[in-house]
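Order of writing sets the labels: A, B, C, D, E and F. Residues in every chain begin at 1.
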Amino acid sequence: MAKHQANPQPVDAAVTPRFGSIPTFMRLPHLRDPSQLDIALIGVPWDGGTTNRAGARHGPREIRNMSSFMRKVHHVSRIAPYELARVADLGDAPVNPIDLMDSLARIEKFFAKVHAGGCIPLSAGGDHLITLPIFRAIAAKRAIGMIHFDAHSDTNDRYFGDNMYTHGTPFRRAVEEGLLDPKRVVQIGIRGSIYSADDMAFAENSGMRVIYMEEFTKLGVEKVIKEARRVAGRGPTYISFDVDGLDPVYAPGTGTPEIGGMTTLEAQHVLRGLQGLDLVGGDVVEVSPPFDPSGNTALVGATIMFEILCLLADGVARRRKGKKK
Amino acid sequence: MAKHQANPQPVDAAVTPRFGSIPTFMRLPHLRDPSQLDIALIGVPWDGGTTNRAGARHGPREIRNMSSFMRKVHHVSRIAPYELARVADLGDAPVNPIDLMDSLARIEKFFAKVHAGGCIPLSAGGDHLITLPIFRAIAAKRAIGMIHFDAHSDTNDRYFGDNMYTHGTPFRRAVEEGLLDPKRVVQIGIRGSIYSADDMAFAENSGMRVIYMEEFTKLGVEKVIKEARRVAGRGPTYISFDVDGLDPVYAPGTGTPEIGGMTTLEAQHVLRGLQGLDLVGGDVVEVSPPFDPSGNTALVGATIMFEILCLLADGVARRRKGKKK
Amino acid sequence: MAKHQANPQPVDAAVTPRFGSIPTFMRLPHLRDPSQLDIALIGVPWDGGTTNRAGARHGPREIRNMSSFMRKVHHVSRIAPYELARVADLGDAPVNPIDLMDSLARIEKFFAKVHAGGCIPLSAGGDHLITLPIFRAIAAKRAIGMIHFDAHSDTNDRYFGDNMYTHGTPFRRAVEEGLLDPKRVVQIGIRGSIYSADDMAFAENSGMRVIYMEEFTKLGVEKVIKEARRVAGRGPTYISFDVDGLDPVYAPGTGTPEIGGMTTLEAQHVLRGLQGLDLVGGDVVEVSPPFDPSGNTALVGATIMFEILCLLADGVARRRKGKKK
Amino acid sequence: MAKHQANPQPVDAAVTPRFGSIPTFMRLPHLRDPSQLDIALIGVPWDGGTTNRAGARHGPREIRNMSSFMRKVHHVSRIAPYELARVADLGDAPVNPIDLMDSLARIEKFFAKVHAGGCIPLSAGGDHLITLPIFRAIAAKRAIGMIHFDAHSDTNDRYFGDNMYTHGTPFRRAVEEGLLDPKRVVQIGIRGSIYSADDMAFAENSGMRVIYMEEFTKLGVEKVIKEARRVAGRGPTYISFDVDGLDPVYAPGTGTPEIGGMTTLEAQHVLRGLQGLDLVGGDVVEVSPPFDPSGNTALVGATIMFEILCLLADGVARRRKGKKK
Amino acid sequence: MAKHQANPQPVDAAVTPRFGSIPTFMRLPHLRDPSQLDIALIGVPWDGGTTNRAGARHGPREIRNMSSFMRKVHHVSRIAPYELARVADLGDAPVNPIDLMDSLARIEKFFAKVHAGGCIPLSAGGDHLITLPIFRAIAAKRAIGMIHFDAHSDTNDRYFGDNMYTHGTPFRRAVEEGLLDPKRVVQIGIRGSIYSADDMAFAENSGMRVIYMEEFTKLGVEKVIKEARRVAGRGPTYISFDVDGLDPVYAPGTGTPEIGGMTTLEAQHVLRGLQGLDLVGGDVVEVSPPFDPSGNTALVGATIMFEILCLLADGVARRRKGKKK
Amino acid sequence: MAKHQANPQPVDAAVTPRFGSIPTFMRLPHLRDPSQLDIALIGVPWDGGTTNRAGARHGPREIRNMSSFMRKVHHVSRIAPYELARVADLGDAPVNPIDLMDSLARIEKFFAKVHAGGCIPLSAGGDHLITLPIFRAIAAKRAIGMIHFDAHSDTNDRYFGDNMYTHGTPFRRAVEEGLLDPKRVVQIGIRGSIYSADDMAFAENSGMRVIYMEEFTKLGVEKVIKEARRVAGRGPTYISFDVDGLDPVYAPGTGTPEIGGMTTLEAQHVLRGLQGLDLVGGDVVEVSPPFDPSGNTALVGATIMFEILCLLADGVARRRKGKKK
């Protein structure tokens, strides 16, 4: 009881207006020791794996900026994350904007430390390649499942000759490295013209459940939730949210927009339906502020982070209860 | 019959292109005497009650600008407001950008004069606090009901110490002052993270009907209309439309955007379902042009004003008919 | 078999990143002889018929720019247009930005040559008046049908005195000139305030099937497709896609936005339902880049062109097969 | 004495904030009878003569909007125009956005009435072709001189085949029609690549004094003023200010920007040096709001109008004094 | 010697790229105890005194954001502020966005504590009224002088009836309250139309040295520096930099732009000429990000802060040396 | 005589408006064989060496877009480049957006072929690191001199650990590799805060002539030209123009803006003063369209390319004449 009173709390908006103060994630304190935290909010300002329009390197800063709009309790689930868990802004993972392999190593090392501290990471990218070193850090011992919101499967093989690592390849690599269990992966929102008719072969052959946008529309949100829960099952599961899974009117600030995507409200409904899964981390990626004149993409990114944060905090509370018994 | 020919008419777009001429509301004449009018279109360029991003002071000018897109007849209801009623641009209510209490007094006084002239006000804000002095002017004698589109309940109590009047508090104040009958209030589109689990206690305890966005999605538009009509009943009713009730892709130019809102088409459908209520006024608030790079928010504001105007003009015609009998 | 290997192909995005190279439509070669092609992608950079906000003259260039996002195969229908047909960028039709009648003549002449070469035109406007001279070129011998996406019927009569030719009149003129068979026309997405209660009289009296946005919502996509197919029947049919048929959040960059429109996903679903019609051409018009700060309208324009291209290429292949038998 | 108290006055900014009220030019009353005025501020929302990027049709509205920033007295010359002269917003000249020749006729007729009323016009364009019909209205009886700020000489001959009237030709036409005395014309700020080495032949051969940007830099402002006064002499003189005479950082919102232009401060200094000439009218043209994301071009346009207004009002006062003697 | 090694240092850009990490001023640590610092960088996110376009409440956050561009040593003076002085980001002063008088009290109290700790404040506004409570905190015991960059004198008396406190009045109030010695004030860059011919009477009559933009141009930078140093003399002096002193092309993001201002390079030259004065504080005000689409105004604000910081740090070092002797 | 008639010519703007047609550099033909050309215009869409804000990968496309504004003859020098030389758009050099070393190799190889064909390259970047592989291609046999416009010396050593190749290091590498003769290098416009007092040591010690912005202001344009010519001497010389050499109001669309830079007019004057040097190539780099809301940076880039093109074409003509003798 006394416990949660000591939890880090956001700056109080009834005292300090939301446009004021230094913008940390959710206006939480900036702390440096993950072992003191249940959940760490982490920026990964890196877009070196981007094959088209860059700019996701600026994502964490703008998501932090817009996260000042967030308050403290989820209005539907009534989850109060800062009561349930110790959460703070852990700053940014180190990156190298001009060296891809060096960046992968730096990011992995940083997240390994977070993971070793028993802390669940919730990250703001950066391009989607950042999820690979995060997986290397948190899934080294057992493959994890994934709820994956995206317009693209990100299971391509190679680009520009022989490059294995781009933001179009992380989940093929993760499967190959034994980090990701394809049978426990669901991809939601896939769409957009493809390079060849077998672009989706790896995803489909490896056993991932691909819910194309067309199927999403037909199923409706409730059935998508059921399907996602069925696929993820009881094992450890990660939520990876690429904002290009949304229609580009909701997220114009991204590198590879595809029209005809889901609404934020639909995405929020699906996310809220994931409560109770065994969640081990999450990220929001591909927010590219230079292509976001109204700032809405960063606001969406911050709100989706809050949605995921509530799920993670609820999980922390459940585990704690479970242990008590 | 001769009557409506004398009604003020918009500038003719087949003669003067819509980008030309001085932008009044709906391209109507700018008149100054409310007693000559059935319905007055009024700007209230004031955002002194704003606790977050300001800019709604510029709302009336941009809504006027975009209202040049409006034509003369509603394409669904076929209501022709300028045939049914005498409508004009009455200019702006006086305001004081650096003195909140003085502004409340000035606005109330201006609307009291409009009301005394037997004229129904349809206003363009300004932030949502402007609705309070309008209520003081038009609801002093009997409490009114309200159809309220918004992401926020605006029934908070105090901010920044002990400030009773902000754009987050008008409807708590209006209930306390006996201007608003909470039993005849329906709030549509409420959503977004909250400060504490009891943020909605005043609204709910006082008897307001709160249709959260989640319920809105489940009910669908037809049932929302029914519910709104049921709550409003036969008494005098006001329509207050905060553009942040819409998803921010439709209205990015606002101070406190919350993702996951309704579409403009849904809002339009609900509004069209309100025909026949005893409407005594309306407003469109929280259009903040500095955050609206494409201008769409102001276009939405102008179109929603036109939707409400058609309802009000229809009401004027019905009352006139009623009296004739 | 050897045939399609010779078909023009887009620049390979796995070799040349999509932000690189000179932006032709779909990154296809720029060729000049229509008789070598099955389908020609053509820009018509002209907005001299615009009665309100101009800028569609810049449409072709920005659509070309954004069309670099397109890949090679449709992800739903699996149509691979560049395997099925010879497609290239034929450059722009000649225009005269300061002389309306001269422009109509130049455009007609250019498209007549395309048509004479047995090549199907898919055009990027330009304002909607460009469709009239295209019709004069391709429908001189027999009236065609049309699937028409738009907020406006574009069947007005005269503007600004006695002007018969504006972007609000092309389809009245086309019917009068015997180019368009009104009984085989379906207009989808019509909405927005009107000048007078009989604005739609010509469309309705001539026999066009008008699906207002309200009916669209009620029918749903599947029934709209059925109705469109029923109206178009088996005769030669053209697809004309005015981006203002979409809600302006999807297409803010246009001259006459009307809120409350369809989503891109809905439009895409309808288009995909048109496979198998006897399609003789298509266009995407009213993309106005100066009003498109995020570039999304041009991306939408490019993607809709790709959707139509797939339908046209499928038609080319069907006809070829038909002939073989 | 009693006279000037009756002069129209701007809305008082110490009472009504400058973002409020309906935006007329300089917040002056909108009047309709030129014969009651000494100086009329007039919008000409037309860009049908534009050969490149359009949008100047929106110029008058945005210049009106930004003119709310203007106050009442010139801070250097201390000229108080509303004390010296009767000035008002006369609304817009009629135009036809789709018919060039019709527009020229309508504009001429409107200005002829202004001129007949003894009123000096100060106009906001619109593209530069609008100056031609203004000249036809006010210079029919005797050729006038001109101080012309511009990047381009606007003395070309024909475009797009045989079109004599574009925004690149007005001053060749005006000389040919005997409206403009080329010997009394000075062009200031000319620059930018040219189509051929003899592009400037007409201007130079007809006797216009062309001050290229290079000479402007070398001469400095004081000598430019001297030269302009020398060329204009004592005869009736018009000031035509194309905002592309300024460097595009000051006026990005224009159709044909040329880098390397003058600063606004330099232009203001030159204008202030023209006090005392026999000024018979003026205009500010080529403000194109769709290309002006920050709004600065319209602010510049409004301020330059105020600068010219002060010169014109001073001239009115001088003539009045002269007559009294 | 060991001393400066302990001084707070910015995040190292050769390790952490400049787009990464949480944006404090100059990437310095966020500390809370002014008594540990020589110079405190402070945000004052408040624009409640603004009479025209608001938005300066967002200034501190964007200036912090853009200050990541700053490095560690001044390239002309070679002043290395973080070697000479203990400098940090002290966070924001508390404010109340809806209560002017409460805000003045809160700001004064915060700065009084900074001053009591022997720490020199360098602030980012906020509108120009914030300078008044800063003066009350730091100049209570003896009137100070001021180098004031601005388009406006800010010595008006009252607005909107009887309001004494707006961003147009701080320096009249400061003189009246005995905080500011008008004989030791120089105002640089004054320009723009005025309300009446005696707008500048208070400034001039009280003995302030007003360098209008016209005189600035004639004098040139070197003589302006001399004059500023002469006026400031040896007494304690404050530098107040309103970004509207610059031409609006350099600082479009401000509430009351006036064209025809100085360049940033000129302002930087003047500032560099102030080295050695007895500087007791400084501020950069009126940066309004909502009106700053390119972000340049905030970059200018951050760079001007760095320029002033170098002057202040040099002063700290000089005083330390002086004391040692 | 017959010769130059066969030279490639831009699309004729008096026939095809400048907003029409596919945007190649200067509207020239897109050719592929450098050996047929005297001067090749080449895009290098790559920003993998960028340490701060990226986006220069989009530079070539937007510069091509804006280069449609260019005409055919220089208005000051009267150089007509397409009469003097065979010039065309050679397309883009191949690049790899996710592999720095691979990109350097691809770029070098492409330019080596251009150089081998006897063709002078004029390139549009891309970030400044692209100049290094260009030098490797064209200066392998003898070190060249350079006129270098920039805010930064770009002679740093290493970043982010041990990375030798970034856009901050090309000219140190070029000197080390014997490609660039530092004694024949002049750097113009250097400014901005520095990391440490010896940041400029390499440039100064190696013998480069550094004209800081401060010296630029004092010298004035004429003396800067003299100094540049003196340093470059008679040897082969390259012009490298980083747009951040300009003040960011002229070039906001760049990755590392520094306020207080030169004007475009000053830069143009300096460039024009370089006629007659032995020029062997040139480039315009660091145009980053995502940070360029008005498009002015790309327009500046295109115009500076035209300025350099005129110098190069003049050089081609001089050499041809020289050979003839």
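Assume a residue touches a chain if its C-beta (ideal position, glycine included) is under 8 Å from a C-beta of that chain, and two chains touch if they have at least 3 such contacts.
Computed from a predicted model, the values in this text were never measured in an experiment.
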Lowest number of touching-chain links that must be crossed from chain C to chain F | 1
Third chains touching both chain B and chain A | C, E
If you tally the C-beta contacts for B-D and for D-F, which one comes out higher?
-> D-F
The assertion on chain B/chain C checks that the Cα superposition rotation, as a multiple of 5 degrees, is 120
From the options A-B, E-F or B-D, the pair that copies C-F, where over half of the contact pairs coincide | B-D
Relative to chain D, the most remote chain by C-alpha centroid is chain A
Euclidean distance of C-alpha centroids - chain A vs chain E, Å | 41
Could you tell me the distance, in whole angstrom, between the mean C-alpha positions of chain B and chain F?
-> 56
Do you know which chain F residues sit against two or more other chains?
-> 15, 17, 19, 51, 53, 57-58, 97, 159-160, 249, 291, 293-294
Mind listing each pair of touching chains for me?
-> A-B, A-C, A-E, A-F, B-C, B-D, B-E, C-D, C-F, D-E, D-F, E-F
Where on chain A is chain F touching in the complex?
-> 47-51, 53-55, 57-58, 96-100, 102, 159-161, 163, 165-166, 290-291, 293
State the interface residues of chain E toward chain A in the complex, per the touch definition above.
-> 15-17, 19-24, 30, 43, 45, 57-58, 60-61, 64-65, 89, 91-92, 94-95, 97, 293
Once bound in the complex, which stretches of chain B touch chain C?
-> 13-15, 17-19, 69-76, 78, 80, 249-250, 263-265, 268-269, 293-296, 299-300, 303, 306
Per the touch rule above, chain B residues touching chain A in the complex are 51-53, 158-160, 190-197, 199, 212-214, 217, 247-249, 252-253, 256-261, 291-294
